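What follows is a set of notes on a single structure, which appears directly below.
By letter and in written order, the chains are A, B, C and D; residue numbering begins at 1 in each of them.
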Amino acid sequence: MIVVIKPNTTAEQTKDVVDKITSMGYGVNVSQGAERLIIGVLGVREDKDMLAAQLRSFECVDRVVSISRSFKFVSREGTQAKTVVRVNGDVHIGDSAVHVIAGPCTVEGRDMLLDTARFVKSRGATMLRGGAYKPSTSPYSFQGMGKEGLQILAEARADCGLPIVTEVMDPRDVGLVSEFADVLQIGARNMQNFNLLKEVAKAHKPVMLKRGLSATVEEWLLAAEYIYAGGNHEVILCERGIRTFETATRNTLDLSAVPLLALLTHLPVIVDPSHGTGKWELVTPMACAAIAAGADGIMIEVHPRPADALKDGFESLNFEKYAKMMEAVRPIAAAMSRPIASDSRPAVQVTSG
Amino acid sequence: MIVVIKPNTTAEQTKDVVDKITSMGYGVNVSQGAERLIIGVLGVREDKDMLAAQLRSFECVDRVVSISRSFKFVSREGTQAKTVVRVNGDVHIGDSAVHVIAGPCTVEGRDMLLDTARFVKSRGATMLRGGAYKPSTSPYSFQGMGKEGLQILAEARADCGLPIVTEVMDPRDVGLVSEFADVLQIGARNMQNFNLLKEVAKAHKPVMLKRGLSATVEEWLLAAEYIYAGGNHEVILCERGIRTFETATRNTLDLSAVPLLALLTHLPVIVDPSHGTGKWELVTPMACAAIAAGADGIMIEVHPRPADALKDGFESLNFEKYAKMMEAVRPIAAAMSRPIASDSRPAVQVTSG
Amino acid sequence: MIVVIKPNTTAEQTKDVVDKITSMGYGVNVSQGAERLIIGVLGVREDKDMLAAQLRSFECVDRVVSISRSFKFVSREGTQAKTVVRVNGDVHIGDSAVHVIAGPCTVEGRDMLLDTARFVKSRGATMLRGGAYKPSTSPYSFQGMGKEGLQILAEARADCGLPIVTEVMDPRDVGLVSEFADVLQIGARNMQNFNLLKEVAKAHKPVMLKRGLSATVEEWLLAAEYIYAGGNHEVILCERGIRTFETATRNTLDLSAVPLLALLTHLPVIVDPSHGTGKWELVTPMACAAIAAGADGIMIEVHPRPADALKDGFESLNFEKYAKMMEAVRPIAAAMSRPIASDSRPAVQVTSG
Amino acid sequence: MIVVIKPNTTAEQTKDVVDKITSMGYGVNVSQGAERLIIGVLGVREDKDMLAAQLRSFECVDRVVSISRSFKFVSREGTQAKTVVRVNGDVHIGDSAVHVIAGPCTVEGRDMLLDTARFVKSRGATMLRGGAYKPSTSPYSFQGMGKEGLQILAEARADCGLPIVTEVMDPRDVGLVSEFADVLQIGARNMQNFNLLKEVAKAHKPVMLKRGLSATVEEWLLAAEYIYAGGNHEVILCERGIRTFETATRNTLDLSAVPLLALLTHLPVIVDPSHGTGKWELVTPMACAAIAAGADGIMIEVHPRPADALKDGFESLNFEKYAKMMEAVRPIAAAMSRPIASDSRPAVQVTSG
């Protein structure tokens, strides 16, 4: 940590800063530059962020610059090997394959979910998505089927063998959702719902952590750190677009986060081009781009009849379009020397077609 | 709702759109403009937002434009009179006075809170703020004293008579926090924690709803609508800055939201220039500006010794600076023909403890 | 154009609006919805944007919603075929190939430019980039070699045969730069320098128009419309990242703009991952992603020794890294069924000097 | 400048960094922290920014942190006294008074301008605004009357005595506009039109520099530095809103920039709530807020008949509303112990009413 002192500061004021630092057990390295006095804070302690905040309250302090990363466990520095999250015997997110997670935004009923699950499996999905609890900006919108939705998801899994990822929104629901889900999804609006993060940290299921709408990559990794430090090391990151001034797309999909995360963290990263763009026309090209950027997987909204979807039909692919998307992404994955996960496993017994 | 059809659309495709609309019980008004066919959707039903999303999935649909506001109860249109939230016998947020809510970011202990409460009361605060449960971006930062913090807050209220506003972060804590707090604060990161909103909607305490870091005014009002429609009509909005590209301030305080909200909603609005700027040097000028923009109150972080604060000392005023701020805002309030609330009540005898 | 009238508006106020519209020669279509009165404005005239602005000044007008696109010539609707910009006999941006434009940020001298030009040509570039006039945020930074830089660029073209793209910043320089350049680049900060746009519209050279840092796609297309409507139809769009709250990358590269533009315009689109990310580590993955998203080309900063570059060395590839990037993008282009342009031409004999 | 080295860096790699620094004539101060090696760069030279960029290209460099401000002349540190820009004998922007600059967005004709000039002068304006050259997002919008507009402005000045501020968009027009204008306005879209900045730096008229739509405060001050370092010290800054995700207002007026600039620079600052909000309903409250935040003046769009304005009528006040605004801002200025400039001068001979 570096403390930059304002010009025209008295020796007494500077001494107050130094005393503050040393009183908390840190060492100092004072260096007079040409234009500014700089104080290096030496030592590693849990309260370094607090000290930084306190030092910024001094009138003579111009800036406090952090040097170390604030995330530890999820940092690439600590663990050199990339994390592979083992969802079940077949699905290992972060391995050499590209995973396709597909399904409807929301579980709307038994038939639509089973139809979708069977179709996406027949065309290369290795995990089924579908919301039973749905966050909605408006209180007047559909908010999901709840427990019944979870039961339908479990039935689809039993039927076609795909593990399921589904959102949990409430710390009180973590136990229930964990009984049904293979992967617990934390939605973008809950990325900094810290009590929910602490609760899924205690669950015995992998967590897919979506990036918040206005979260920096650092904040996202700190949210992952909550889960990791809380005891759950099976964390998958999911880029789903950030909020910018551009209104032509629902969000701005930040694909540069994918290679950036590969530098910063050992956790696997998948991309959701459906929410990331909010336009079905853009889903396939951005799925291709995500894989080319190095994503470990893509998550795609698929609905039998988007024109009847209870939520987000405008960004959902119908079966035909989903099949075409799979044809488009396969050569891209191959160009990246990564198979589509369903192609790489010996045991892809097609259950429907 | 207006549906804009793409050029080069066939009559059959347009008919599909019209059929979709009428099949859901709405009427249509088809109008051929010079460049586009436009379909007006007539009727008011709960599922209008869903229909809009579905129509956007049609290939021939260029855009769907909403006409009505998506928030109803909190809209100015419905209730012409401004809402006054009665916190206790003396504190009526939204009345003719400007309210000053002050206190530390976080309850750090008994003495610091009582000292602060007494001081801010002696200098014109009408409500005490202080966090017992604190959201923290990093899992390694201080997260509040919890129930003990609530008890200290209650002690401070008993001591100096100021009602207290404190944050609730978890649906499971709403009952407990409601036992102690006079106003329940929903923090910025929880503005779209919908289950928490539903829970405070059932509480019998007013709610102060902070704007999310990347929330539009419309989304903010929809979050308020969750609380209002859920049965709790005592909602205070709190502007606290939005996230932008500017890094010289912690957030960008959007004061234009204050007069904009006065056009859109009947709910009272206060401003938090401490979080809004993240720099103690900017708190007083932005407190003045907030009042001049028409805010019903300001919320200010005050700490006996910011250099020792466990959180956010860099944006906290010490006692001397708080006293000076009060001297600065009083003439601005007077210029707006609004008294500072503590000056306007007959019974402000106690000046300090 | 749709005019939404506020509730509680008198018939007289509405009549004023209607009179305004008809007085300017437009027709009206008045429709009373369930919650709002809506006035459709019928007719197509040059002054429609002005009328929209005027109507928004009426107290009873809630909103004015445009229906038609504000750009005409560059819209996909007008011209169905995609534009191919013919830079020279070999380089046709927008054809079936992916073009690689490479070179230093800035021309720093004769030797470094010739070395770079020869190397990038030997590894598949089809155009040479390099700035002779450089915009700099600080007045104390290097601002380019000016005319001497242009002469060196011309020498490099003579030497290795690559056409050159270089920036023009000033309307007074358009003539001079046109004498040397094959493509005139308009930089991001000048995207709305309208007088410069009008000047390049009169030049007889293709224009590469970079997206402004905070430009929406619509504003970008309107800037292209300035050039197109002014008489120059050879316009190439270049996505180079937008400004967001994220500070881990220099900009946020908005790759979703690539497929979005394919829906909206017939102009070709290239992507600049160097400026778009500001980190050399991210250039190759984002170049791959750009091609997978459908870009017609990529523009890459290459410098013999980035550690000695006068500008932007942190986002420049050295020769070795550039060669590796080309190995990475080639299979992606193939997966998109597009050759790298230099591979598709019969006459690529010269490999390097 | 501080260079942070990545963990797991070899001594040889570090030596390369040190050699680079010393080879350019700087000293080094190497400090091994608990988690990172840090190299302080000692010395002040013109090429420090370039060195920073070069160091960021080293593979072993994690980050380079600037310590000094990149702007020098406009920094508060250099010149302690606040700059007062003397427009004419009466108008001294930056003195103890609050200045009101008013007038139409665009000069549309002789009568409308003279009427407006007379009215705003009669109600307390001390400068007249009006555009003769207008930047327009669309090529199909009105772009100003050009030289004829300048002549009308000069006639209005002769008639009512108000100095005029008007925009210059093109380096080629600086001479002509300087003949007519008292203050040269640089519009938001030209804040980083560096050649234009250099040209007005040579003019003998004060410059009002509007903040760019996506400009940080630091970039804005660097743009001011271009003008100042180029020889023109009469620079007024004008906050006019930044681009954010919020669409309910045209821009987000960043009033916190006003007190922030007071810390960073000695230049005077005015605020434009008309462009800053894009809604006439918000102009008066934000004008009040701007003054309360410490602005040296406000700039207000006034039009005799906004419903007939050729540009931006939706954010213009008519005469009646302008008169009311003046009644609203006067007590706020008084509360700030600053007179409205027109009230403070002995010689306010009203020329019209």
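As a convention for this text, contacts are C-beta pairs under 8 Å (C-beta built on N, C-alpha and C of every residue); 3 or more make two chains touch, one makes a residue touch a chain.
If you're wondering where the values come from, they're calculated on a predicted model, not measured in any experiment.
Between chain A and chain C, the least number of touch steps comes to 1. Placing every chain at the mean of its C-alpha atoms, the farthest one from chain C is found to be B.
Chain A and chain D have Cα centroids separated by 40 Å. A straight line joining the Cα centres of chain C and chain D is 27 Å long.
We define each chain's centre as the mean of its Cα atoms; on that basis chain B and chain D are separated by 31 Å.
Multi-chain contact residues of chain B (touching two or more other chains): 214, 243-245, 247.
On chain C, the positions that touch chain A within their shared complex are 214, 216-218, 242, 244-249, 252-256, 258-260, 263, 276-277, 279, 281-282, 285-286, 288-294, 331-332, 334-336. By the touch criterion stated above, chain C contacts chain B in their complex at residues 2, 4, 7-8, 29, 31, 33-36, 38, 40, 42-44, 65, 67-68, 77, 243-245, 247. Taken together, the chain D residues at the contact with chain C in this complex read 20, 46, 49-50, 53-58, 70-71, 135-143, 169-172, 189-190, 192-195, 213-214, 219, 222, 225-226, 229-230, 243, 280, 306-314, 316.
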